[in-house]
Each structure stands twice: as structure tokens, then as C-alpha cells.
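Each chain carries a letter (A, B and C) given by its place in the written order, and its residues are counted from 1.
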Amino acid sequence: MRPALILIPLLALPLVLNDFWLTQVATRSLILGIMALSLSFLATYLGVVSFAQATMAGIAGYTIAYFGPNSVGIGVQLPFWISIPLALMLAVVSGGLIGLIARRSRGIYAIMITLAIGVAFFYFTRQNYTLFNGWTGFSGVRAPEIGGLSLRDPLALYLLSLGTAVLALALVSGFVRSPLGLTIQAVRDAPGRVLALGISVTTPIVAAFAFSGLLAGAGGILNVWYQERISSFSVGLGPIIDILIVAVIGGLRHPAGAFVGAVVFVLLDTFAVDLIDRERFNTLIGVVLLLIVIVAPGGLQQLASDWVARLRRPEVKEKSTV
Amino acid sequence: MTLFLIVTLNGLTLAALYFLAASGFSLIFGLMRTVNMAHGALLMLGGYVGYSIVDATGSWGLGVVGGGLAAALAGAIVQAGVLGWMQGDELRQTLASIAISIIMADLMLWHWGGLTYQVELPEALAGGQRLPVLGVGYANIRLALMAFALATGLALWFLIQRTRFGAVIRAGVDDQDMLRALGYPINRIFVLVFALGGMLAGMAGVVAASALSIAPGTDLQFLLSSLVVVIVGGMGSIGGAALGALLVGLAEQYGLAYAPTYGVVFTFAIMVLVLAVRPQGLLGKAEL
Amino acid sequence: MPVNHSHTNANALEVRGIGKRFGGFWAVQDIDLTVRPGERRAILGPNGAGKTSLFNVLTGDTSATTGQITLFGDSVTREPINKRIQRGLRRTYQHAHLFNGLTVRDTLFLAVAGVRGGWRQVLPLRAGDDRLAEAERLAEVAGVADVLDRETSELSHGQRRQLEIGIALAEKPKILLLDEPAAGLSPAERPKLSALLMSLPKDVTVVLIEHDMDIALQTSESVSVLYNGRMLAEGSPDDIMRNEDVHRVYIGGAHGH
């Protein structure tokens, strides 16, 4: 009942939005939201903030670029029904490997390790020309035509992104109810005790990272179709921080908040040019992140629910002013 | 063989630079459990300020000190103004320091532009030496850099292990509440530690801008190297930072020389290997 | 499946020369312990005697510095805790670390799934999964059926202790190590717990750490007394009551200061 209330307006959105709004704001928010969902999933259910999500998304995106039509003449053309599953699979594998590397680390240690992995991958894509075409990367990447319908069409890409986002959220909520999902949450709460139940701790951690790789990979594929190019800058510190900011704005403990964060981020990005010098966008983003961390570490959702709670119970406010 | 020697020497130079950069990062982490993601930005600030001072005065020594002081001041402001309010909430501190590093990098880009700068060397450091026995030429600045790293390492060790300030800091790591109860101004001590870490980063920045060069992106390069160095060497250990810097610096240079398009993979492989065998780092204590 | 009959006469638990050192401090040293199948053994000792350290080594929560541990004839000294659990060893913890974000039902489900192991651990949950039914049965046995869907962080202290026992009873344990299960319980909650312990099947071996001498002597057929990390005395409750060493160091120590 409730999902329908949100889904119907979203399905009707193309009727009211022009192509600019649909593509630059709606579709972009959905894609960014899917990538950030991969982070907030890890943060919520495994309790690990990973800086390597842009890497997993990038591996999927590079796979699509390398095995699909591009204008730099590198790679091998494969039909989309091979390259898409391959891209998702490589993203899952990369997620699992990153989980394996970071499996013994939590908190700030995990942040340091995943950030090192993400930045090392960025430098690797810049150095390597045979697979990644160095820092110029791939351009002219085209979304495939499926049954005569081109996914480059704004409406088609929007609906595909919306469908993927809904599927991703459904997958997350199903996954966390599965035995493996429960074990992942148990590892978050008390890893030593999980072992004492007779369950290995490595499996759930690797599985959580691999699952986040699936989400990030799906976002990465959509993103490379949307941007029509991918380069080292797509996996550099910029996107790493963007994904983090989106997840933090949405609240790291609320997976669906990633989409709220994405809309806020994209609106800021799109209209910042009217507020401040376009060149200083990074300063603006930095200030926004800093303010969120200082004022509302739980993210916008937390802020909103606090306000709602305060409005409903004014006496709480009175108490706090005493 | 000559190539190997030159690469090794270059690796040692880079290791010295990485140690200078990572020592401040490791110091702050070891003493305060704060992952200062703005460390690369502090280093870059020192480098830029150092460049401007040398450009205006012509004195290299003044540039190193000025760059160090500028970064020390910035570090103190970061701790006193933002991170100090979140002491104990490590995740929040990490996120806040990332925000600060983005803002700093963008403002520096604004002021100094996207150009690549190299700090002009004083005459005594500008030339080169033909090294005895090895028979290869080597720039003076690189030798000076190694000496500087060695001196810094020893000074840090002395400060932490042999002075009263060091003793207070070491006690603060183990039991902050105890120190507070004894009347030590722990918040001010933490600001001082941050200033010290910033000072080290800033001086490293000027030295890096002299031996190599400095441009937007330098911050990220040194943040990565500092992260890997402390992960490999062990969090919060000065000796570990030295060992980690040595491994990473050499690996990077050998990688660049022998497998140019896969160079960074070597650095990465070292990190993964250490994490697999000894997750707390080569000289680190186990995580609690 | 090969059925191993050679171990049917083996002791449930055999410990030889176990020691555990932390830095320069021996928490336990030179411990020998033999527990027969189905035996009810109490381990007594004042605070700091090394009782919980001994349990940690027996379960594999920490590794032994010296010595050998045998469960039903198989050496488990080098095995990690999750393998020992699958051999039928279970324990409760004095300070319960439960999964705060999970419900009682989920926690008990994981306990069942953990013991059964296998690839089904990663498969999606289907309606009518027998592991869920088993989890509900455990909740019934442990007396937490009325809070099945409550998150464990919301449970009272007594409920958490009951849940601890529910976890330990998952999938027919062969040997139960109970670390002061009654500690911190209200007088109203204690009888419930005692009844629960009394209702355990007779073939289950139970090793019980109990601070309270009266309870320990009532519920057990044999007693081992630890003091300063070493085994001070062993015997029937009557022997222990008459043992002068025990009177001096334990009873005198516990009540005399």
C-alpha cells in the first residue's frame, strides 16, 4: 500500500517533467541513489563505512565500456546480454575481494583500508592503458538497444533507473531478512558471539561486501550509459566523496535515505551555479557535508523525524529549553 | 645494475618523503585515535605557503619554517574549531575532516590556481654528488631529504619517549579521564598535538615541493601514501611509519621502473599482504 | 555416514595440564579435569580464581597457552570455537553479548542455523523452515516465547539470561558450560531458572560455574574448586564440605572478610 503511494507519482513524473528535469535531475538522482544505497546498506547492516563503492561501480562501468561500443578503439565488443551480467559479476567479485581484504577491520580502520583501495584503483586506472585507457578513459559509450527500444532515450533510461532502484530496495529488504542477512547484522552487533554460535564471521562480511558490489555495479552500469563515458575521474576522490555525501545526507543508518540524499545532492549540484560561483562547487559541498556532520550526524531523515517528533510533542521542546 | 641502484636510491628518497608525510598522520592517530583525512591538505598548504615565501624572500629555510607554521596553525584550528568537539566519536571526526580537506583543497585551488609549482633550491642543495663506491650521481636535495627524515624521526622518538610532554601524551592515550582528573588541560594538549602533526605535514609539503613539485592532487597522493604507510607499518607507531614508508617508497619506484603501467599494484599488493598476515600492521599493536 | 562407536565410552570432557597466560600473569595453570557423560559438575572458586578464564579456554573463545582438551575422545585443543560448537559444546556467558539489533526469534534462529551449519546458512528463508520452528521451541523452553519479536536490546536482565540459555540449548547440546547463569537475577526469577536447569535431559553433561556455594552443592553430584588459577580440590559435595583447604581459602575467604 505505502510503496504504491510513492511509486505512482514517480511513474507519472515523466508526464510533468521536461527532458532537462527528467534526465539531469530525476534520472541522475536515481543512479546516484543506487550507488549510495550500496554504501548505506553496508553502513546500516554491517556497520562498516566503505570508501570503495565508487571502485565497485567503476569496475562495472569499465566492463561495459570495454566490452561495448566506444569511440577509443579499445576492448572487445560483446552483445549486451553477455556484457551486462559480466559487469555485474565483476562488481560482485570486486566487492567480495574488498570485503576479504578489510574483513578484520571495523570503524575507522575499515575506512582507511577501503579509502586506500579506492584511491589505489584511481591511480591504477590512470597508469594503465591496456585495460583502462589511462586518464582519458573511454568515451562514446552507448546504452544498448533492446528489442528496438534504445536505452539512450531519456524516458527509457529514467524508467530503467526507476525499475532498478525499486528492485535494489526490494533486494535489500529481502536480503536482510534472509539467514545470511541476519548473520550480517549479528556480526555488526557482536562479531565474537557470532563465532560462538558456530558461524564463521568471514562469510557474512564477504557476502555483505559482495552484495554491496551488486548494488554499486548496477548503479555503475546505469551511470556509464548515462554519462556515455568513463575515466579515472569517474572512480577518483570526487565520486568517492559524492557517494559518501549522498549517503551521509540521507542518513547512514537508513538505506532508503540514499535516494533522499541523492535528490538533495543533485539539486544542489544543478542549481549551485545560481547561488555561488560554479568553480567553488567543491567548497559548497564540503560545507554542506561539514554542517550535516556537525548538526545532524544521523542525516536529513533523522533531522526530519526529530522535527516531526518535536511538533507532535511540544512539551519535549519546553523541557529542553529549561 | 646501475638502473637498479638508481631506482633503489629514488625509492629511498621517496620513502624519506613518505615518512615525513606519514609521521604527522601516524602521530595524531596514535595519540588521539583521530583519522585526520585533512592531512594531505595540510601538507599541500605547507607546500604552497613555502613556495610563496621562498618566491618572495629567496630564503629556502624561511620557506620550510613558514610552510610548517602555516600548516601547524591550520591543524590547530581544525582540532580546536571542529574535531575537538567530536572527541571520542571517531566516525564523525573522520567525516568532518574529509569535509575540511575538500574545502581546503578547493580554496587552495582558488588562490594558487591549477599550476604546478617547484620551490627553488638554495645553492648548497641545488647541485649533485657522485656517490663514492656506488658510482652514480645523486642530487643534493635528495640526500638532504633523507637526512631530514632521519632527524625528524629521531626528534619525534625523543619527544614521545623522553620528554615530559611526551609522557603526558602517552598517558592521555591510555586514559584520558585520568589525565583530566589530574588537572591536565587535555583539550589544549590535543590542539598542540594537532599543531605538531600539521607542522610535520607542512614541512614535508615544502620539502616535497622542492624535491619534486606541487599541484592540485598532491594532497590526495600524500593522503594515500600516508594511509598505506600506517596500515602497513602499524597504526600510531613512529618506527612502523618508517618501515612502512621504506617498503612503500621502494615498491613504488621498482614498480614504476619495471612495470610502469602496473606500478601502483605493487603498493597495493604490499598492503593486502600485510593485512592478510598481520592485520595490525608490521609494528602495530593489535586492535582492541 | 560412518558411525563412530569407539568413543562411546570416552569422557565428555578431558583436560590435561591446561594453562592460560596473559602477559606475565597465569590466569589458570596446570588444570586437570575429567567429566563423565551425563555428569553434573560444579566449578567453585572465589572471584578471580580463573573460572571464566578456564571456560574461555574450554570453548575456544581464547586459545590455551599449554595443555590438551579432549571432547568425547577427540582432541579439540587447536579447533576454533565454531567447530567445537558443532561437536555439541555450548556455553552461556556471564556478561551476555547479544545482538542488539536482532529480535529474540532471529537470535535463536541464528543459534540453530549456526549449529546445523552447511550451505543453507546462505539460502533465503522459506515459510515453514524447520529451523524457525526449532527457534520457537527453544523460546518456549527458555521462557522467552512472549517476547519473540522484541529486539534483544529491549529485554530485561532476567530475560537476557533466559535467552542465553535458549541459545545454549539449540540443537541438543551434548555438554553445556553455564557461567553463573543465576547471577544478577531477582529472587522471583531464580526459581524459574533452577526449574529450567533441573528440566535438562539427563544425558546432557553440565559444567556449572557458580559463585553461590549452596546452589552449587545442591545441584551438582561433583565439585571442583579453583583457587588462584589452580585446582585446589575435587570431590563429591560432601567431600568438599569437609575439605579443610576449601574451608580455609574459599569459605573462610568469602565469608570471613
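Methods note: contacts are C-beta pairs under 8 Å (C-beta built on N, C-alpha and C of every residue); 3 or more make two chains touch, one makes a residue touch a chain.
Values in this document were obtained by computation on a predicted structure and should not be read as measured data.
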{"item": "Set of chains adjacent to chain A and to chain C", "value": "none"}
{"item": "Most distant chain from chain C, judged by the mean position of its C-alpha atoms", "value": "B"}
{"item": "Chain with minimal offset from the mean of all protein Cα atoms", "value": "A"}
{"item": "Inter-chain centre distance, chain A versus chain C - centres from mean C-alpha coordinates, in Å", "value": "44"}
{"item": "Whole-Å gap between the CA centroids of chain A and chain B", "value": "31"}
{"item": "Inter-chain centre distance, chain B versus chain C - centres from mean C-alpha coordinates, in Å", "value": "50"}
{"item": "Chain A to chain B touching residues, read off their complex", "value": "49, 101-102, 104-105, 107-109, 111-113, 115-117, 119-120, 123-124, 127-130, 236-237, 241, 244, 248, 279-280, 282-283, 285-287, 289-290, 293-294, 297"}
{"item": "Sites on chain C touched by chain A in the complex", "value": "59, 61, 80-82, 85-86, 91, 93, 97-102, 106-107, 109-111, 113-115, 117, 120-125, 167"}
{"item": "Sites on chain A touched by chain C in the complex", "value": "174, 177-180, 182-183, 185-186, 188-190, 192-200, 203, 207"}
{"item": "Complex contact set, residues of chain B against chain A", "value": "33, 35, 37, 82, 85, 89-92, 94-96, 98-103, 105-107, 110, 220, 223-224, 227-228, 230-231, 235, 260-265, 267-268, 271-272, 275-276, 279, 287"}
